[in-house]
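Pasting the structures in now, so scroll down.
Here chain A shows up in two complexes: once beside chain B, once beside chain C.
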Partner chain A sequence: MKSVIIRPERCVGCMQCMIRCAEAHSQSGVLALAVSESVLAKPRIHIGVGPELRPFPNKCRHCEPAPCQEACMPGAIRSDIAAGLKIVDLNRCIGCGMCGMVCPYFAIRYYPAAQAPGHGQVAIKCDGCFERVARGLEPACVEACVTGALTFGEVNQHMNEGVNRLADAAFGVTA
Partner chain B sequence: MSKRDFSDLTICKDGQAMLAKAREDGVETVWDRKRAQEPHCGFCELGLSCRNCAMGPCRIDPFGHGPQRGVCGADAHVIVARNVGRCVAAGAAAHSDHGRDLVETLHAIGEGATGDYAVRDPEKLGRIAEELGIPAEGKDVKALAKAVSERLFEDYGIRREAPALLGRAPQKRRDLWKKLGISPRGIDREIVEMMHRTHMGVDNEPVSLLLHAARVALSDGWAGSFVATELSDVIFGTPTPKVSQVNLAVLKEDQVNILVHGHNPIVSEMVLAACKDPEMLKAAKAKGAAGINLAGMCCTGNELLMRQGIPMAANHLMSELAIVTGAVDMVIVDYQCIMPGLVTVAGCYHTKVITTSPKAHFTGAEHLEFTLQNAREMARKAVRMAIEAYGMRDPKRVSIPGSPVPLMTGFSNEAILQALGGTPAPLLDAIKAGQVRGAVGIVGCNNPKVKHDYANSELAKELIKRDILVLVTGCATVSTGKEGLLMPEAADMAGPGLKAVCKALGIPPVLHVGSCVDNSRIIHLCAVLADALGVDISDLPVAAAAPEWYSEKAVSIGLYAVASGVFTVLGVTPPVLGSSTVTGVLTSGLEGVVGATFAVEPDPHKAAELIDARIKAKRLALGLSA
Partner chain C sequence: MRIVVVGLHAAGRNACVWLRRLLPDAEIVGVDPEASPPYARPLISYVLARELSAGQMTVEGPDFWDRLGVRLIPERAAALDPDRKVLTLASGRTEPYDRLLAATGSSPRPAGVGGPAAGDILYFRTRADLERILAACKPGKTAAVLGGGLVGFKLSMGLLAQGMRVELLVTSPQPLSLNVDDHVGSWAAARLARCDGLSLRTGVSVRTMERASGGGYRLLLDSGEELTVDLVAAGKGVLPAAGWLESSGLACAGGLAVDDRLRTAAPDVYAAGDTAVCRDLALDAPQLHAIWPMAVEQGRIAAWNMAGRDCPYPGALSMNAIPLFGRQMVSVGAVNPRLTGGCAGEVFEDRQGRYLKLVFDGTGGRLIGAVGLDAAPRLGELAWAVRRRLARTDIPAHWLRAPETAAPWAARTERLAQSARL
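What follows is the complex of A and B.
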């Protein structure tokens, strides 16, 4: 399973991921135009602030089972749009805020969206850039990240590499 | 945010009270906006982003994972050095363009083209004329004003080898600058050359860029800022010691409160004259006010404080909070350090914001353009509007915290020499005897990244304890003033040597010497002391510190201090850490070149240690006790 892998220690807090996420979810898909659309797109990845102002990238983990999905009364959070992703169906979302209240990762925000009927306030969260990925692209946040804090890859492979690094450390080899 | 949180933001009780009121009133302040900006861009904080051309913008990845060169091929070192260069150019431009306005004013006086301004200190004008080789004999004040201003206009151009007052620097220092190729020529020339060098494809060697940055900074410190200080003294009077007051409690509940904010006394002096006008006072009384109360913020406040003893309401970070009192009827601004957010805050109350300079317009403010011909009339017009605004004040929303703190001001070099009996000898004797171990200029701003006023005042307290005399300018004036450090009584907080000297002379251990352009007074004093001892400035037991700096001007000031031989400690890291070369040059490499470096130390107690060690070393090298 491919996923966005986050290494907070590499994040410099440039927030380029946020800008490019918003761009990717805008109507035009182009930064220069996206910033003047009547309903502005919003980022679905966020940079938190840790100790000593250390930046902390945070986004939806697409849990299974997903507390947000279980709390969603109108059934707007769907598993059947793209494999392995929990995606908000903006035609069903009523902006009640339940999903945000139960999200253990604080990964959901509420904003008006151009794609929602009547442009009402709806749940905005990571959709794994499923449309971009289907076109063979990486998620927008990953493409924007120049420090390697966000990468896109097989989780198991990432784990295997991690084991090797751990082994190096355990035997006192420095990279 | 709880009350405790407010005390994390500022040490000032009046500031904490107004932060709480701002929260209640729903007013956004500089601290809220800073929080919303966090985390700041990591590339920019490291100096690793470049916006100089449209092939970019580019960033260099400091972790080595991503790009190591910009599109043009510039590496981290070139990008960081170019950014430092442009930062210094902007800072020097601000001080020097301020100075230019005073040259123009003096010229208009000479030409008889202004009825509103005159020369208040003709003796100083005469002394400067003599220094410039302009014979004063047979010339009246106007003719002298014209001749001096015409020579100083040339400081801005390319027609001279050196600015007019550069001869004030010790010969050794000037020889060094010449050898390094960093003797300042014309002010505008150095700034323009920096903009040229940092264009894509010009100067691509970090050390070369940094040396030119030093040249730009020297054209600020020994020319642009010098001109601003000296001509302000000529036109508005050379400051003499006097006592005034500081903090938000200088605002008066029963009077029309006008604040001047910005930098140039050309505007604030005219506002002061209008506030004293009997006709205006009558109009204010007719509106039910007991009088018209003028107070200052930032450096134009320092200018009025130094020369006229007008009280100081606030420094940089407190400028919005002054309005939050609900008692400010008008803020009259000119230029520099006026946060655009001020207009938004004023919009939450009845406060009017008046802009005056053709160079500085603010959306939402009312513009009354002051010229050399109409300034007096414009100032009266503004004061009349303030009186009108007083009528709109809502007494239920007024809250003026605490009570004012007294401070002593007015220590121009002329005043310091006079206090010493006409020569620097008594000060030198005290230094030699170790009663005064050295002197430090604490200068510069506030920055919301630093607990407001903490680092400025704490460093001053720590230094005077160690028998080190402190000189303050700019926003550090208010930081130290509010802590009572600018009164002669503060001598009791000083070490035994400094305490005795202060008591004997009746002066405070922390001397207020002016606004941010008046750092030229400090560098001039260093030159006078070095000449008297027959040494270079870099041999003196002196240092500089900018514990809470934020502005490009502070970078220029810091660099002219270092390039003049003064060790300088910054409390906020400048955006250079992305380049080991640039960081290395600034913090160690320059020592062997100009005899001083920068250091960065946010903790004021550790900064005092660094400064103390430096002063100790310099004293020992001069054959004095540590």
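What follows is the complex of A and C.
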């Protein structure tokens, strides 16, 4: 199964992923129009600042079992919408804050959402761009990333690349 | 193996889900008069506030227990004989068990009001309580809400949304005093004071309650004041619903004491949720945690241990998050000013009014709690930090400089970068 793989050491902190993520989750889906929508779309990926101002891309890990899903009172965090993804059903979310409270990666934030009934404050988190992926596209953040910090691929294949890097290091080759 | 789960709400329901995953062939019996269709109890406040419909409290279909393979007995438990390993139900029927989970939750703490009409006080815990309150609501009339904790606050907001005027009577000097620090507490009090249709009185208790001649109730306060209201509702905390365990010798006054595997003193009897008294990670002492996230977590851990997988439970942590006048209030661990007297606090506040206070214990500088307004994204991380018993020196300096934008502790950027360079 494909998933978004993050290599923080390659991130330069340009925040293009945040912009494209918000755009992809806006009503119009077009950046030029998204900025003037009445309820602004928010990014589901965030760049944190680490030691020595090093950027760190952070998003939902879609844990299994997921603490957020277990703690969700109205059963709004669902794993039956797309395989391997925990997706917030905005029709059920009440914005109570339980999921943000138990998320170990603080990947869940609370904003009003155009897609929520009454545009109320709801839990906003990565949905793996499941609709884009179903159309054969890559997740928006991956498409935006030019440095290779975010890639979309098979986890096992990524592991093989890691083994190759390890082999290089063992024979003194610096990448 | 025959497993009996008594109480099928947050803890019991999650325990059943995990027991079925871990023990596909076990016979699981669920005992609860109110289990079907499964609903989330905390959502009653959202229904009262007209934010959800009554149907939206239901979180699973009516065939949930069948699909899970749990035989449902819609009855109350009456007694437990841990020596013979037999549970007696209210009807007198008996159910033998190999392993039993006590997850009967809690019931409202009596409001401590005297007088002939004290029995008419409405409590707010179950679907039936909600129906009683909704039936008693009369738009334009006045309701008295006793208790300024989270339940009292939710009750007040709900009754306002139902068109009633609310007299909020709080015994403590300020509302939410058990859940937040002075800063957030006084902010909440100031907002409540400006709330249309609500009048807040702090430092008062109701002494007696009697029926008024023209309908409604007359309340006599300990300040000497008298109030005439049409409905009296109370949210004064909860007590463990462990009455059925009295004859078993297991229940202590404050609930069922459990060890680090959620086992009680009797063999093969486990407890989880509001009934269980386990170690509080912030206070390092046994405590009852009547909150949803701890109940589901303990249900899972108890299920693992009941299934024979050794699964330690280091302890529980109080944590709360509620929307408060358009802002998100969060608290984790020990933040109650009464419990954190000798502790050091570090406060972060910005121009938008976002507020986060970290509480470190006085001796070792260990992080024991945090409270915030609009600081929700950091709460999961703070809860983990309290659980991991991190000290002030463990928290990266860059995080303390800019908690709003710092990378997560859990990410350990440096180590990730090191291994990636390999």
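The working rule: the second predicted complex is superposed on the first by the 174 of 175 C-alpha atoms of A that agree within 3 Å, B and C clash if a C-alpha of one lies under 4 Å from a C-alpha of the other, contacts with A are read in each partner's own complex, and residues count from 1 in each chain.
Please note the rule applied: contacts are C-beta pairs under 8 Å (C-beta built on N, C-alpha and C of every residue); 3 or more make two chains touch, one makes a residue touch a chain.
Quick caveat, the model's predicted, so the values are computed rather than measured.
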Touching partner for A:R165 - first (chain B), second (chain C), both, neither: second
Partner chain(s) touched by A:V49 [first = chain B, second = chain C, both, neither]: both
Touched partner set for A:I94, first chain B, second chain C, both or neither: second
First, second, both or neither for A:F106, with chain B first and chain C second: second
Partner with the higher number of touched chain A residues, chain C or chain B: C
First, second, both or neither for A:V146, with chain B first and chain C second: first
Which superposed partner A:G84 touches (first chain B, second chain C, both, neither): neither
Which of chain B and chain C A:P117 touches, first, second, both or neither: neither
Doubly contacted chain A residues - partners chain C and chain B: 49, 54-55
Touching residues on chain A, where the partner in the complex is chain C: 7-9, 48-51, 54-56, 58, 65, 67, 70-71, 73-75, 92, 94-98, 100-106, 108-110, 121, 165-166, 169, 175
Residues of chain C touching chain A in the complex: 14, 40, 42-43, 46, 51-52, 56-57, 59-60, 292-293, 296-297, 300, 319-323, 328, 330, 332, 376-381, 383-384, 396, 398, 402, 405-408, 410-411, 413-414, 416-417, 420-422
Residues of chain A defined as touching chain B within the complex: 10-15, 47, 49, 53-55, 146-148
Partner chain A, residues of chain B touching it in the complex: 38-44, 46, 59, 61-63, 65-67
